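Each chain gets a letter, A, B, C and D, in the order it is written, and its residues are counted from 1.
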Amino acid sequence: MYLVGSDKKMDYVNGPGRNHLFVPGPVNIPDQVIRAMSRNNEDYRSPAIPALTKTLLEDVKKIFKTTSGTPFLFPTTGTGAWESALTNTLSPGDRIVSFLIGQFSLLWIDQQQRLNFNVDVVESEWGQGANLDALASKLAEDRAHTIKAICIVHNETATGVTNNLATVRKILNQYNHPALFLVDGVSSICALDFRMDEWGVDVALTGSQKALSLPTGIGIVCASPKALEASKSAKSVRVFFDWKDYLKFYKMGTYWPYTPSIQLLYGLRAALDLLFEEGLDNVIARHNRLATATRLAVDAWGLKNCTQKEEWHSDTVTAVVVPEYIDSSEIVRSAWKRYNLSLGLGLNKVAGKVFRIGHLGNLNELQLLGCLGGVEMVLKDVGYPVKLGSGVAAAATYLQNTTPLIPSRI
Amino acid sequence: MYLVGSDKKMDYVNGPGRNHLFVPGPVNIPDQVIRAMSRNNEDYRSPAIPALTKTLLEDVKKIFKTTSGTPFLFPTTGTGAWESALTNTLSPGDRIVSFLIGQFSLLWIDQQQRLNFNVDVVESEWGQGANLDALASKLAEDRAHTIKAICIVHNETATGVTNNLATVRKILNQYNHPALFLVDGVSSICALDFRMDEWGVDVALTGSQKALSLPTGIGIVCASPKALEASKSAKSVRVFFDWKDYLKFYKMGTYWPYTPSIQLLYGLRAALDLLFEEGLDNVIARHNRLATATRLAVDAWGLKNCTQKEEWHSDTVTAVVVPEYIDSSEIVRSAWKRYNLSLGLGLNKVAGKVFRIGHLGNLNELQLLGCLGGVEMVLKDVGYPVKLGSGVAAAATYLQNTTPLIPSRI
Amino acid sequence: MYLVGSDKKMDYVNGPGRNHLFVPGPVNIPDQVIRAMSRNNEDYRSPAIPALTKTLLEDVKKIFKTTSGTPFLFPTTGTGAWESALTNTLSPGDRIVSFLIGQFSLLWIDQQQRLNFNVDVVESEWGQGANLDALASKLAEDRAHTIKAICIVHNETATGVTNNLATVRKILNQYNHPALFLVDGVSSICALDFRMDEWGVDVALTGSQKALSLPTGIGIVCASPKALEASKSAKSVRVFFDWKDYLKFYKMGTYWPYTPSIQLLYGLRAALDLLFEEGLDNVIARHNRLATATRLAVDAWGLKNCTQKEEWHSDTVTAVVVPEYIDSSEIVRSAWKRYNLSLGLGLNKVAGKVFRIGHLGNLNELQLLGCLGGVEMVLKDVGYPVKLGSGVAAAATYLQNTTPLIPSRI
Amino acid sequence: MYLVGSDKKMDYVNGPGRNHLFVPGPVNIPDQVIRAMSRNNEDYRSPAIPALTKTLLEDVKKIFKTTSGTPFLFPTTGTGAWESALTNTLSPGDRIVSFLIGQFSLLWIDQQQRLNFNVDVVESEWGQGANLDALASKLAEDRAHTIKAICIVHNETATGVTNNLATVRKILNQYNHPALFLVDGVSSICALDFRMDEWGVDVALTGSQKALSLPTGIGIVCASPKALEASKSAKSVRVFFDWKDYLKFYKMGTYWPYTPSIQLLYGLRAALDLLFEEGLDNVIARHNRLATATRLAVDAWGLKNCTQKEEWHSDTVTAVVVPEYIDSSEIVRSAWKRYNLSLGLGLNKVAGKVFRIGHLGNLNELQLLGCLGGVEMVLKDVGYPVKLGSGVAAAATYLQNTTPLIPSRI
């Protein structure tokens, strides 16, 4: 029981020691970022905030690996960023091809349908990647270019599946198809290899609470010149999410059509500084290292990865399939109640069947080992005959061979 | 020059001493609230966040003075809250009556038009309140009930004008008109007397960065049962801002269709606790006290209030008209550059003609006197022959007579 | 490289993820406490600070398990608290018996000698507890009561040895000896079973940065009525550390002879609240649980505990002996440079021979497993043929059997 | 009523808006510094803390204007710093000349006497500066050099009197007297002109909670080479405050004989960065500007400054004499209870007769005007016939003429 400000009692909050946060978002915020955000409001019309914003817009492009894109920092969540990407580039009735491979792609498709697009859903079994052969067929048939956009989730957070975006571009090029290429990079950007310009992505988006390791509250949308052009004729109704208003204020140099979160702007500055200090490629390598270690632990436990093929393995989240006699929700519940460990639930089709370990954002090797040690204990708690230490051993063997020295300490 | 995290240099930031933040939003955040928000992310699907959310939804109704309303805490700004209020209750083509009295009502009307409503704009001179006689005429004529909603800004932040909502309700009742009553309470709620149930308001909304004294990031929308009913048939396209998704998660007891800002939830808890500790009516009385003192200072300086009649005087912001030979933007610029005082610019029609003193949120008497002392010095800086100390004297004379003891210290 | 405020570059600071702080002090500060301390200064002569201080003085007695003691919150470190304990109760030339069993008892003895007491040093091999048989002999011989005080370190942080204070009291009683019983509880109080009243301890002391889990800056000294009486005639020169000044201000109800740290007072309040919420006995049980797990890991690694007998095993710190061919400093260095893990160095006689794992303060099971996983990797890095996962497995087996549910989450 | 962590209720804490902290210490902490300190503990034996400490020791010399001095950052208060200055340079029985001009010089003299020095007290009326003619006489007579040290408070915080240290040095030189020159700079250094090397000061000291604008907890002592030499033979008993232990660890490059406050080290770094960014001479000029404005306000109110001559006027604190029919404590009480304004009480001889306005540390013009406006209201509350606005007008007239643009915003 914990009292925040006066006499409101807040249940569940305190446990001894730290919370081990291994959900695939929102993720751990580095202390440096928490400090940078611990501040009063400011007048966003003073010269200071535009000066800060200017550096952010310039630097945020680096995490998309784009030089030609135009970024927007919407005060919203990933769901809002989705809506901004769609409504600024498409008109009601437009045909789009969209891949359903798990809960988040499902939700995006639901949004696409509710926004009145004509959605051509390409479904895969949960645990598989997007069916890109189907894409090729559709493009091949679409000589009239009725398909206006391809919508794809780079990394499906529900199943731990990463789609191959380079291949999507290759197929588009192969058929010389002009469809817009819209990418949900919510659980990938800043953690997985992502190359907006090289892959010809037209709109990419992410949320501040994922690999950027901030609180929820900024939906970052980045638009290619082609997407910006499309926005001029897109007929979807939009106001809050309209790029036009932002572009107008960019031109004036005041940047904000409405009030931004001062705290998140300073937080984003600090988060980007940390990313660039570590080096974006090192950050991506670290995510691969921690993910590989996690997959080795899952193997050692004798459990199955929900992701069906290695090519789709996600470096930001691992969905672990539990034996049929176990309810995976019980694992999540028990982890939190006994070990202060926060794991991700199985969602929708895989509810009760998988639990998820999020390993994205500002994390290191020993935090992961603590988590894996905890998962082992929980597995035992719920009746799975795991050999305690086995997963940690597998992970540590890999990590001890691959972890570099911390650059600032060499 | 100030370095946030690594080698990014941030101009303009540091001055000796505190920034005196007197823009009408975002406003000063109490230290207690900054502390409550200085924290890591959490799993929003654990039992803790729903338990916290439940208390917030219950308590936030008190600031609207409603028991029958249903509140929504959108991760957005006031502009987003506007959009949510409109799209959930209305269908494209619906006729609405909307009052244009300043920049913010103008922006809302712009949004209404872009969302394809048929907006019947009732314009007043800037500095005047909404023309409610025109409303009466329109309702009188509208026997067919073609008017679906009345949209009104309770407090126009650009001119410091407060509209009389009780009268709006009276007129609606007089004509027994079923139009929805939608209110922008962005710069009023928690600061001015606001009575959702008593005045029969159907949707009221505010933003966290105004009188609630939080960072930007929560758009609070509160819907009456009638508004909820309307939302079932409203045909405006909406997904992110759709109440339906929230209501579905309310029913499940998990509350959030997508990721909220953990920090803002704890911050809102702390902000509400402070409000209730002081007492909402005391908070409103304090706003009236500080506003009265400000107006007395303006009189003493020999300057005019932009608000043309006393009945419209706003207790959250005062727009001060400067003599023609002065550019009010120069006042704002100089205040910030020399005295670390943040004042509000004149906007649009009153750009260069007024500057604004925001006196809302967690403020006290001596903060205001510091601001007024600063404004006097700036006025002199820009060539207005003010008698230094005159405004402070007028304000202090009033405050010394009216300021109560701090309850916790009696 | 990290820049704190302007252009000072700070080396070594940033690594990806959290620092794993396992030195035996200063220890991890709970976020709740960091938040409580993140505040401006206040006038310590206002009514608020005495009111707060009063609750602290009352509640701090509980961590000493005393009702008759008088606590003092000196703005100092453990070294200062030592000095306060000695100079307030003894006069130059007084004979005292003091036990040398490691670096911290050595430093205290050094202080005792420099303060001109006649120190009768009873030395043990490092790794052993205090030689209480020698104490018995000395008391037996001391019919003239020339021994004025017994000085003993409850828990020697350098070797991980806990002395048996109940036995000290038994021996004192057995010889009916009036010597004062002075105890350094720096790395024990709030973590190990400590009973000031029951054991007849005359002065006990601790530091805020140890099991209380605060920053350094409060040396807490608690005096029995007998110690207070002794302070009236003690001739050691003292001013800053004089209890008399405090007692004078206690009487006046203003409490502070000089300026306290406002932040640490609020921090102490929060730390005590967390301790009492968890329950002091549960906190002590948690320390025992984590310590037992650590010792099991050390066994599994095939390494020796520096503590020579089980009866002396410390529940707050484990000193691990490394094979002769390894320099333990290299372990500490490597842990920090590669894994962001902070371990304790071997000090003085055991420099290079042991490294230390501090497991005190606000810690939980998974944090410990992360640390143990890290130690294993470091051991392998430096050439010790450890089986990765072995220590974690041993610890987890114990912990999985013994960890209770988190009370607030049941 | 405010609850910090669990169910402890804290009275008096909350009022609407900010506390206006105008006691002469502890003073307002800049938000940048609060942020820098909002952090977990660290291992102070890692390479990071010595690297940080090294920059601090180098930079802290600048605030003393010394290149030859050796600074010590004791984890203590000003009272502890006094003790360190005395015990490291003097032996019991040593004759010292000490000036009694107010409560803080009185307390230092009390300490000197309790430390068994032979104190030759030169008393002045409270409100006057040190009687330096008496010093000249004493030195003239002391051909045998029995006087070992001159102890003087640079700025007496109780009466707002600044002594002329350059004259002290001139007199010492005139008589070619080898006495050590020990200076309490607690409420002067970083705010008043202070020149350790130029004035030949042998030990100067300050506290972190004064013009450095940090929390209480660092007593900064700076020793000249002559003082260091003296410390080798000084026979006063000391351990915690002994410079020798620090010097030993300086040589080893680990810097700390015992655990420092990690938070205060980072805070000191940020505080120094802010000072140097503003420019030490600009900081001193700002203190003079705010002090002059305060004195003009006091004149305008028709009240007397406790400081009897202009040459002694303090630029960090103004003690205001109230008419006989008013109890100055009532002013302090009322300011806090009604206006959330913290003023300094009159102490000892001037209790009830003066109240004090501290204007040191990180403050600006508008903060001061708020305070002065508040003092006026309080004066009226307690029955003094002040013309409201009169003091603010006088101060503002001066400030409007003299305040420079904020350099970072030009």
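What we mean here is this: a residue touches a chain if its C-beta (ideal position, glycine included) is under 8 Å from a C-beta of that chain, and two chains touch if they have at least 3 such contacts.
Values in this document were obtained by computation on a predicted structure and should not be read as measured data.
Enquirer: Need the most distant chain from subunit B, centre defined as the mean of C-alpha atoms.
Expert: C
Enquirer: If you tally contacting C-beta pairs, which comes out ahead, B-D or C-D? Let me know.
Expert: Contact tally favours C-D.
Enquirer: Taking each chain's centre as its mean C-alpha position, how far apart are subunit A and subunit D in Å?
Expert: Taking the average C-alpha coordinate of subunit A and of subunit D, the gap between them is 52 Å.
Enquirer: Taking each chain's centre as its mean C-alpha position, how far apart are subunit C and subunit D in Å?
Expert: 33
Enquirer: Suppose each chain is reduced to the average of its Cα coordinates; what separation in Å results between subunit B and subunit D?
Expert: 43
Enquirer: Touching two or more other chains, which residues of subunit D qualify?
Expert: Only 1-2, 5-7, 11-13, 28, 31-32, 34-36, 38-40, 47, 274, 277, 336, 409 qualify.
Enquirer: Hey, which residues of subunit D end up touching subunit A in the complex?
Expert: Residues 1-3, 5-7, 31, 34-36, 38-40, 47, 409 of subunit D touch subunit A in their complex.
Enquirer: Over in the complex, which subunit D residues touch subunit C? Could you list them?
Expert: 4-8, 10-13, 19, 21, 23, 25-29, 32-48, 51-52, 55, 59, 75-80, 82-83, 92, 110-111, 114-116, 207, 209, 215-217, 236-242, 257-264, 266, 269-270, 272-274, 276-277, 336, 342, 344-345
Enquirer: What residues on subunit C touch subunit A, complex-wise?
Expert: 1-2, 11-18, 20, 28, 31-32, 38, 274, 277-278, 283, 286, 336-341, 362-371, 373-374, 376-377, 380-381, 387-390, 392-394, 396-397, 399-400, 403-406, 408-410
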